[in-house]
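In the two complexes below, chain A is the common chain; its partner is chain B in one and chain C in the other.
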Partner chain A sequence: MKFIAVIRQVPDNEAKLRIEGGRVNYEGATLILDQMDEWGVEEVIRLKEQYGGEAVIVALGPERFEEAIRTALAMGADRGVHLVTEASLDPITQAQALADTLRDEAPTLVFTGGQQSDWDSQALGPAIAEALGWPVVTWTTSLELEGQGAYAKAKHDLDEGAEVVRVALPAVFTTQQGLNEPRYPTLPGIMKAKKKEIRKVPIAFEGKVETLEQTIQERRRLNKVIDGTKDPVAAADELVRLLHEEAKVI
Partner chain B sequence: MAIDFSLTDEQKQLQALARRFAREQIAPVAGEYDRKEEVPWPVIEKLFEVGLLNAIIPEEYGGLGLSMLEEVIIGEELAWGCMGIYTIPMASDLGITPVLLAGSHEQKSRFFGQLTEKPALAAFALSEPGNGSDAAALRTRAVRDGDHYILNGTKTWISNGGEAEWVVVFATVNPEARHKGVVALVVEKGTPGFKANKLHGKMGQRASGTYELVFEDVRVPAANLLGAEGDGFKIAMNTLDKTRIPVAAGSVGVARRALDEATKYAREREAFGKPIAEFQAIQFKLAEMLMGIETARAYTYYAAWLTDRGLPQAHAAAIAKAYASEMAFAAANQAIQIHGGYGYMHEYPVEKLLRDVKLNQIYEGTNEIQRLIIARHILKG
Partner chain C sequence: MILVVLEHDGQRLRKGALEAITRARQLNAIAGSVAGVLIGENLAAVAEEAKRYVQALYLAEVGPYTAEGWAAAAYAAQQKAGAQVVVATGSRQGRSWTPRLAYRMGAALLEDTLETGTDGAKVIATRYSFLNRVTEKQSAALPVVFTVKPNTTPLAEPLGSEGTVETLSVELPAVGVEVMERVVEQKKGVSLAEATIVVTGGRGLGSPQAFAQVEELADLLGGAVGATRAVVDAGWRPYGEQVGQTGKTVQPNVYIALAVSGAVQHQAGMNKSKYIAAVNKDPEAPIFKVADYGVVGDVHQVLPALIEAAKKLKD
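Then we have the complex of A and B:
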């Protein structure tokens, strides 16, 4: 059996990004394997450990993505395929670019992050499924194989609940918090990863969505201080009113 | 273009691993083990699982064969989480190093094998109740008896001494010969007559176990002698020339933690209507800390680089160790000052930094001994 995780490299949550010339400047930012993709990596390694076969990492993106592939290999994946492009591609075009490679690899299943933490898009997983004509299960929190890999039984989150489904394989799954607890890439793993294969495939797709300008949301503090020293009850009422009516958080 | 400060991708990854490990597995429990004065075995087990324990053992003996540069990259990160906890793997490397330098193939296979199969530690026993810096004045006696040495005496301040699978013990076959009479013997845990008593009441680094070791007619196989009779003193000194570089790295880690904590606090704490980070008095302290961290790290890397290239490095190791530990003590002190009264309380992590890093100025050769080594280097020419 073959289990594939499609991964991306994104800025660390704590990275301070700057805009230069209308574009995000990644220079100096710590770039990491997208956390939601990391759950996918952990899951394909676990599946390989449980059912045998191969855990393969596929990534589409610039040269720098190789670091994220190496991290996944250090965690225990067997090899990587890197579709190299410096172009910025929208998720639908990415899925089309990935489809040929994924079809050729003929995997049992494909995992990818439920959401891409840099563009906050949730499109990649469903778009890959669409491009391949395979079923998709989003926001997966648990998965087991049935019938020697002919089916998977998966639990996945819905807006206000969850459901358990049986899906014919091959299929695409997207990750959700709770799926697993990713392991550390161990030191021996890091050293072995150096010798594992990463096949580089240059691609020449052009995006259908062109990015004209990027901005970063700036959150300004309102610095509203409620004086609770005179009338604490009235102050609490005012706090609740502000949280409810203005901040709309309760 | 001979000089190059860049790390390889692999080194960046092991740095990221050690950083994450320190943040997630060490820092959250550091305060608890400090209070309990207890060795954190669950942390040691996890260090073993991710491959960060005893990683300097060469690959042919089941280790990872890490270079000194890689060791210091990891050391800085782990010490950021807790210097006391970092001392445990560091002191194990201190025990491993004499075997690495002077052990035969048979000895390396036998002793390293015990450290790579399961979470296990080594230790190094040189200091005695009556001698520390004057290492050649040791009084622990080794008397040859057929295929054995009979060991009698007491060692003290031995990190990991009670936990270790084996301890490299320095003893003398002839006290009058001073350093020419010293032997290095590997004594295994459980050898009859060998007792380890844990020392309590340490100021800092309380997560690392410090022991007094007592030897009463302990029969040690002559096959456990490292090198020849009389080589012991040289083995001890050559070991410390290497292992004090990780002490420097640990100091850099403590100082970086001090700066991180002080910066965070200075941004949040307000006085006279604005965050104290906006006052020059605070800014100068932060700047001073970074000056120390950057210079100490760069020099520690240099000492490691010399070591990895097999170049003379005793003076560099001494400079790195003394400079970095004094810099880190000052940084921890300033971090407390920036925190004011809160910095003096256990509730905030900065007072522990000062207590912990004080030991870096004492162990593996006091900073006064480092200055002697440096002065000899100047005057020998």
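Then we have the complex of A and C:
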């Protein structure tokens, strides 16, 4: 069996973002394997350990994405495929660009992050599924294979609640917290990852969405602080008064 | 034509559907009149309401929700209407099936938009990115599919006349997804994503029992209860109440954070709230940096007092 995780490299959540010329400037930012993609990487490694076969990492992005692929290989994935482009492509176009590679690899299933922390997009998984004509299970919190990999039983989140589905494979799954606890790369893992194969495939696609401008609009906060350590009742009264009379929101 | 996929609960249109209709009407300069489609089962009741808002209403009886079924139904309606723009609600489910639709139409997808407009023949949208920290402006040529972030748009009013109603026959794809079990969380009161007041409890409340008071305060204010990831992971509250990167994103008029420290991942779900109030015993908690009103104190003392004050306000 073959299990694929599609990953991306994004700025660290905790890092301060800088804007220059109407764009987020990545220079000097700490770039990491997207934390929601990490769950996908962990899951394909676990599936490979349990059922045998191969765990493959696929990424579409600029050269620097190789670092994120190496991180996934250091966690224990077997090899990588890197579709290289410096163009910033929207998720629908990315799915189109990924389709041939994913179809040729003929995996048992594909994982990707539930939401990428740079785009705040949830579209990549469903769009890949559409490109391949496969079902998609979004926000997956648990997964097990049935019938020698013919089916998967998966639990996933809905807007209000959750459901368990039985889905014919191959299929696309997107990750959600609770799926697993990703392992840390070990030193031997990091050493081994350096020798693992990353196949580079240059691609040329044109995106459908143009980003005109990025800005950071932080709402100015009032930062009024009330001391509630001595007289909690008076502090609570004051808070309710402010919300009612000043903010007029309750 | 511009097509709106109307979210509903089986009885009524959801607030998100009325926001989506408003957005669709704003685009009639480039996309023409507004058609709607209802997808699901037993649509007759909600159709009575829906036809008052659109020029043409399509009904697609496809059974319980699957992303594939919804995408197929929306595609059938889009083809029938000849729509160049499709608008849907940016709920989690809406954001699961709209990429499939966009891909099938060869359309651009603009996700979770705050505002939409036109520039010549293009659709312009603003949306958040980078965990809600960056606002970006995007542009795309037709055809376009876009989703509307909840609580961003005035609700549409009914039209003077009723639209035509037509039942669609939808060819459902044999996608091989079989729903074995569905656990729907029974929500009382308003839904979290649509609430104008959200009262969220964090791990600092100390126990699941303490949430009874969070619920009481939310009820008194007519708001919804939220929870942090730590609280959900501990099994104190259902996942549907989680606010943050891996939960829901809310933008209420006021967000009241009780014993919530305010990690970046939590802020991603609430930092665009109009007002933020926080109660925390740690004056250094990150939540105070984004709060308009902060009470430094023990939540077990302040929360009961807030409930009493809210009761007085109501009287």
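In this text, the second predicted complex is superposed on the first by the 226 of 250 C-alpha atoms of A that agree within 3 Å, B and C clash if a C-alpha of one lies under 4 Å from a C-alpha of the other, contacts with A are read in each partner's own complex, and residues count from 1 in each chain.
As a convention for this text, contacts are C-beta pairs under 8 Å (C-beta built on N, C-alpha and C of every residue); 3 or more make two chains touch, one makes a residue touch a chain.
Just so we're clear, the structure is a prediction, and the values are computed from it rather than from any experiment.
Looking at the superposed three-chain arrangement on chain A, would you call chain B and chain C a clash or a fit?
Chain B/chain C on chain A - fit side by side.
On the superposed three-chain arrangement, identify whether chain B or chain C touches more chain A residues.
C
Which partner chains sit in contact with A:K194 here, chain B, chain C, both or neither? Use first/second/both/neither.
In the superposition, A:K194 contacts chain B only.
Rounding to a multiple of 10°, what is the angle at chain A's Cα centre between the Cα centres of chain B and chain C in the superposition?
The C-alpha centres give an angle of about 130 degrees at chain A.
May I ask you to decide whether A:E67 touches chain B, chain C, both, or neither, giving the answer as first, second, both or neither?
After superposing on A, A:E67 lies in contact with chain B but is clear of chain C.
A:A106 in the overlay: touching chain B, chain C, both, or neither? Say first, second, both or neither.
In the superposition, A:A106 contacts neither chain B nor chain C.
Looking at the overlay, what does A:A204 touch: chain B (first), chain C (second), both, or neither?
neither
Considering the aligned complexes, could you tell me the closest Cα pair distance between chain B and chain C in angstrom?
In the combined three-chain model, chain B comes within 6 Å of chain C at the C-alpha level.
Could you pull out which residues of chain A sit against chain B in one structure and against chain C in the other?
On chain A, no residue contacts both chain B in one structure and chain C in the other.
Going by the contact rule set out above, which residues of chain A touch chain C in the complex?
These residues of chain A touch chain C: 11, 13-14, 17, 19, 24, 36, 90-92, 95-96, 114-115, 117-127, 129-131, 134-139, 153, 157-168, 171, 176-178, 208-217, 219, 221-229, 232-233, 235-237, 239-244, 247, 249-250.
Mind pulling up the chain C residues that touch chain A in the complex?
Those in contact with chain A are residues 65, 67-68, 71, 91-93, 95-100, 102-104, 107-112, 124, 127-141, 175-185, 187, 191, 193, 196-197, 221, 229, 233, 238-240, 245-246, 253-254, 264-265, 268, 271-272, 274-277, 279, 281, 283, 288-298, 301-303, 305-306, 308-310, 313.
Okay, in this complex, where on chain B does chain A touch?
Counting only chain B, the residues touching chain A are 9-10, 12-14, 16-17, 20-21, 49-52, 55, 64.
What residues of chain A sit close enough to touch chain B in their complex?
67, 70-71, 74, 184-191, 193-194
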